[in-house]
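Right, I'll just put the structure down here and ask away after.
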Amino acid sequence: MQAEVPSGNWGRWGAEDERGALNLVTPEVVLDAARGLRTGKVYSLALPISRSRTPAVWDRPPPERFTRTAPQDLVEREGSGGQRVGSADDMLVLPSHAGTHIDALCHVFEGDSFYNGHPVDSFTTRRGAGKCSIVRTGTVATRGVLLDVPAASGLESLAAGHVIAAADLDACCESQGVEVLPGDAVLIRTGWLEMLAADASTPPFPQPGIGLEAAGWLADHDVCLVAADNSAVEVLPFDGGELAVHVRLIVHGGIALLEHAWLAEMAADRCHVCLLVVGALPVVGATGSPVNPIAIG
Amino acid sequence: MQAEVPSGNWGRWGAEDERGALNLVTPEVVLDAARGLRTGKVYSLALPISRSRTPAVWDRPPPERFTRTAPQDLVEREGSGGQRVGSADDMLVLPSHAGTHIDALCHVFEGDSFYNGHPVDSFTTRRGAGKCSIVRTGTVATRGVLLDVPAASGLESLAAGHVIAAADLDACCESQGVEVLPGDAVLIRTGWLEMLAADASTPPFPQPGIGLEAAGWLADHDVCLVAADNSAVEVLPFDGGELAVHVRLIVHGGIALLEHAWLAEMAADRCHVCLLVVGALPVVGATGSPVNPIAIG
Amino acid sequence: MQAEVPSGNWGRWGAEDERGALNLVTPEVVLDAARGLRTGKVYSLALPISRSRTPAVWDRPPPERFTRTAPQDLVEREGSGGQRVGSADDMLVLPSHAGTHIDALCHVFEGDSFYNGHPVDSFTTRRGAGKCSIVRTGTVATRGVLLDVPAASGLESLAAGHVIAAADLDACCESQGVEVLPGDAVLIRTGWLEMLAADASTPPFPQPGIGLEAAGWLADHDVCLVAADNSAVEVLPFDGGELAVHVRLIVHGGIALLEHAWLAEMAADRCHVCLLVVGALPVVGATGSPVNPIAIG
Amino acid sequence: MQAEVPSGNWGRWGAEDERGALNLVTPEVVLDAARGLRTGKVYSLALPISRSRTPAVWDRPPPERFTRTAPQDLVEREGSGGQRVGSADDMLVLPSHAGTHIDALCHVFEGDSFYNGHPVDSFTTRRGAGKCSIVRTGTVATRGVLLDVPAASGLESLAAGHVIAAADLDACCESQGVEVLPGDAVLIRTGWLEMLAADASTPPFPQPGIGLEAAGWLADHDVCLVAADNSAVEVLPFDGGELAVHVRLIVHGGIALLEHAWLAEMAADRCHVCLLVVGALPVVGATGSPVNPIAIG
């Protein structure tokens, strides 16, 4: 199997591993990231979640919120003794892969296998993922490095369909004076999400994103997670076959992807290194989760 | 109005404020918390989310996950060129206040008002909260202090219905050698959730939790958030009236609550101080959100 | 109150009545309808339900279906003894008022009242309708009379925004040789839904439909239900104020409305009299229900 | 294949047929049923739908209703000109096979086949059933014959686990003076649902129901649909293998099943022959639908 996936991580952390490149995040990596903070400014990298504000890129249903109990329901509860107090709550109906979200390692497969050779038959419709669900990879805290690709070229955003190459990432590191280290999460800014926010009529396709070569660069740098401010991290339409970068990073590398990350504020502050913390919902069997990733500068 | 809520925070951060005690978390507080880390160990404080593993305490619907696309669906996509790759994804139907979750400041009201005097009429069933929604308070990073109340008395867990008093919190701080500072998040361990995990037949009521006096202690210490390993932070049945502690902390103090926090691992490690990071889903109009709070030791 | 609603039915069937004009459907009406059948042909008046095939007229969420158990899940159940058998099932997420649906009498209110003076406060967000829910009016079997308005004028469909007047209904009855009797359900064909089916880009507004005068005609004829092949039975934009016909028929008359009825096949067969049977889902507290109305010719 | 399913209906209505035994319902059958009515009384055979009132027999999620717009939301719409009118609506989250529901012919399969040899691979998680969905069999109007099995033996209800045999059905027909004809729907009363309604603590298993022999009797009588007042039409635990009667009737016979039918009122009236009308929701791809079946006496 290794012959087919020469640069992959199958078996690297044992035959049973479901955590992938997050194994690279040791306590030392976390401590270094925390101790290296400079401003203490806290960034939310999530888009607001609503039918109108969540990008409708694929054919997934829109996210919905419904009120379950409203303050006005108090009428039912009166006579509870003079003081009128009460609570309100809601129900959420959310695609696991809409808005700002993280992909579990079971999100993508190749042939009969998920990451590390876990068989696709470990997944059933009824119970979802038996292996590599979001429960395994939904807790992330590590150093994050923002690579602001358009800024490195003096642009506000990359052109639609622009394929980010390995050289672009190198140039970015150099112009920003940062280095990508093992266990880092890399946050790639393309500017696309800001274009969409500024103009809702921006077409969903094509989108700028990384190509297969850049995916190899990231895997070779032993990153633990790749986030981007576009819909698939990878360029759309795909470069080198359907889901090519997803397969390279998730299936071969065990590297989770995080999409629709809102990087505008970090970029505006030129905050290129952070402590990135992502707490995905540990939904048993799920293939991913909407998230509110938090970066501390 | 201040006459009625003498120790409250209404107006303290301006008449329009919707963020409450999170205003106390300055970049300095965050930097201090990050720089004070000792182990770099990362803790997830979330329970797994599934119908059987999410506590069924109130009458909220259970959380559900449904597969939207299964790997086996690939049969539809064949002919995509030899290499069979594909993806799987799901739909989540989640109460905003089930499992491990955070309450937005609009979750509870008193009379005609939410925190800071925002009128309950700012909330409608259709759009949800117009003021103080989870979008305002869903991004938290600050120092967290675990107060392991039963451990301070040599117990594994508190008795059902035990009302935690201010003196219990003081004793805890002293025995643990920690101090609660302005802007801290306090994580209160009662042991209840561990009892439930060990024995699913544990009745939902009564539960140990804080009483009104302890709520005053926390508000007086200017904490920004209170989490606990029980269903309501406060003792159940309520001490001093329906939702008494919720009203005192959320409505008067603008202090968010986080419930069903899984504190067993931090407690076992005697990790009493951490960097706590909570990224709630920024669902427009929502009264709260399931969360995966992350503590770094 | 009667002064304000001179031609209304408040109090006609008692102060507690929640069934409205369906009280007019006596067993004799049903027997007459059944015995008068001519062809025995069975018509479904429902549109298919799916995100793409349900008209997106208002801002309601689209209907969704998710598979809960797939045949391919059988892998879990093997070893059940040689013969492989299994089942598949799904989850439905449906707005109560999307696609072909019926309005309960609590769907619309005027001032502080639903039909028959039931107070709006009988409705809470948590439990829904306490009075006049779909449970009260969801079971209908009576004579149905199709009034094919465009056909009476030699047209295929009415112009967008055309207001159907009382004279149009009289002319229709005359040209078709039918009479509308107490307890009848009237099915009004405008042709709009067929236009939408033929051209999905047909704008949702304006739509042809009945105006206030025709609503009065229907109420005066003591019909029990009005269905139409458009989105609101009434013309859009509204004739005579917001929801004017809804208020006149539902609130004043206690007459349920049924929208997005697919009348093309009955019309093509010139089947103008039928036994109409509508079985709405008796969801406790609901304001309406998607339905598959069945007409027998 | 016919060798294996000797008494089955595969191929009987063509190789492409997805409608099964409903092909037996000709317009003449419908006309005869309508003209034979005696009382004109209208019966709803549906249970109310709510979390607490829908039987929780299997592990399906409970049905839920959420308010989408409440009358109290009107505050948003004021200034619409003096007269305050508005509407309320809801969202429904429903298992397709909970409460009173009908099974589509794709609900059950044997080996690699649904009814008529349609391959299980025509079903995918994403789109649901490609063959034999509820869209094909959701519109039913035919003569219904109630077989009140316990009444024929002078009982109120059958014992838990009682297997109804062919002789029981013959005895029932004789004692009631009815005959089962081709194209009929048969409604089998066991009394179980009434026991559950009277005592919510009635265990879900075992339940009385038909066995394989009675299933053969029904198929031999060329019925188009079998309903019962229990959870699976067939006895539970299964008689003769997992889903044995489902396979015999649905897969081999193309005969739809309708479960949790509320037959108490028809039985009390000794209404043994009716016009039965079932309008299932035509959800594209669905394996069944909650229904409100209507019987006219």
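Order of writing sets the chain letters: A, B, C and D. Residues in each chain are counted from 1.
Everything that follows uses one rule, which is that a residue touches a chain if its C-beta (ideal position, glycine included) is under 8 Å from a C-beta of that chain, and two chains touch if they have at least 3 such contacts.
Not measured: the values here are computed from a predicted model.
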Shared interface partners, meaning chains that touch chain C and chain D: A, B
Could you let me know which interface, A-B or B-D, is made of more C-beta pairs in contact? A-B
Can you tell me the C-alpha superposition angle of chain B onto chain C, nearest 5°? 180
Can you give the whole-Å distance between the Cα centres of chain B and chain D? 45
Give, as an integer number of Å, the spacing between the C-alpha centres of chain B and chain A. 24
Multi-chain contact sites of chain C, meaning residues that touch two or more partners: 61, 64, 67-68, 70, 72, 91, 93, 124-126
Using the touch definition from the top, list the residues of chain A that touch chain C in their complex. 51, 61-62, 64, 67-70, 72-73, 75-76, 93, 121, 124-127
Touching chain A in the complex, chain D uses residues 64, 66-68, 70, 72, 91, 93, 125
Using the touch definition from the top, list the residues of chain B that touch chain A in their complex. 25-31, 34-35, 37, 39-42, 44, 46-50, 53, 60-61, 63, 65, 67-68, 70-72, 80-81, 83-97, 106-111, 120, 123-126, 128-129, 135, 138-139, 141, 241-243, 246-247, 251, 275, 277-294, 296
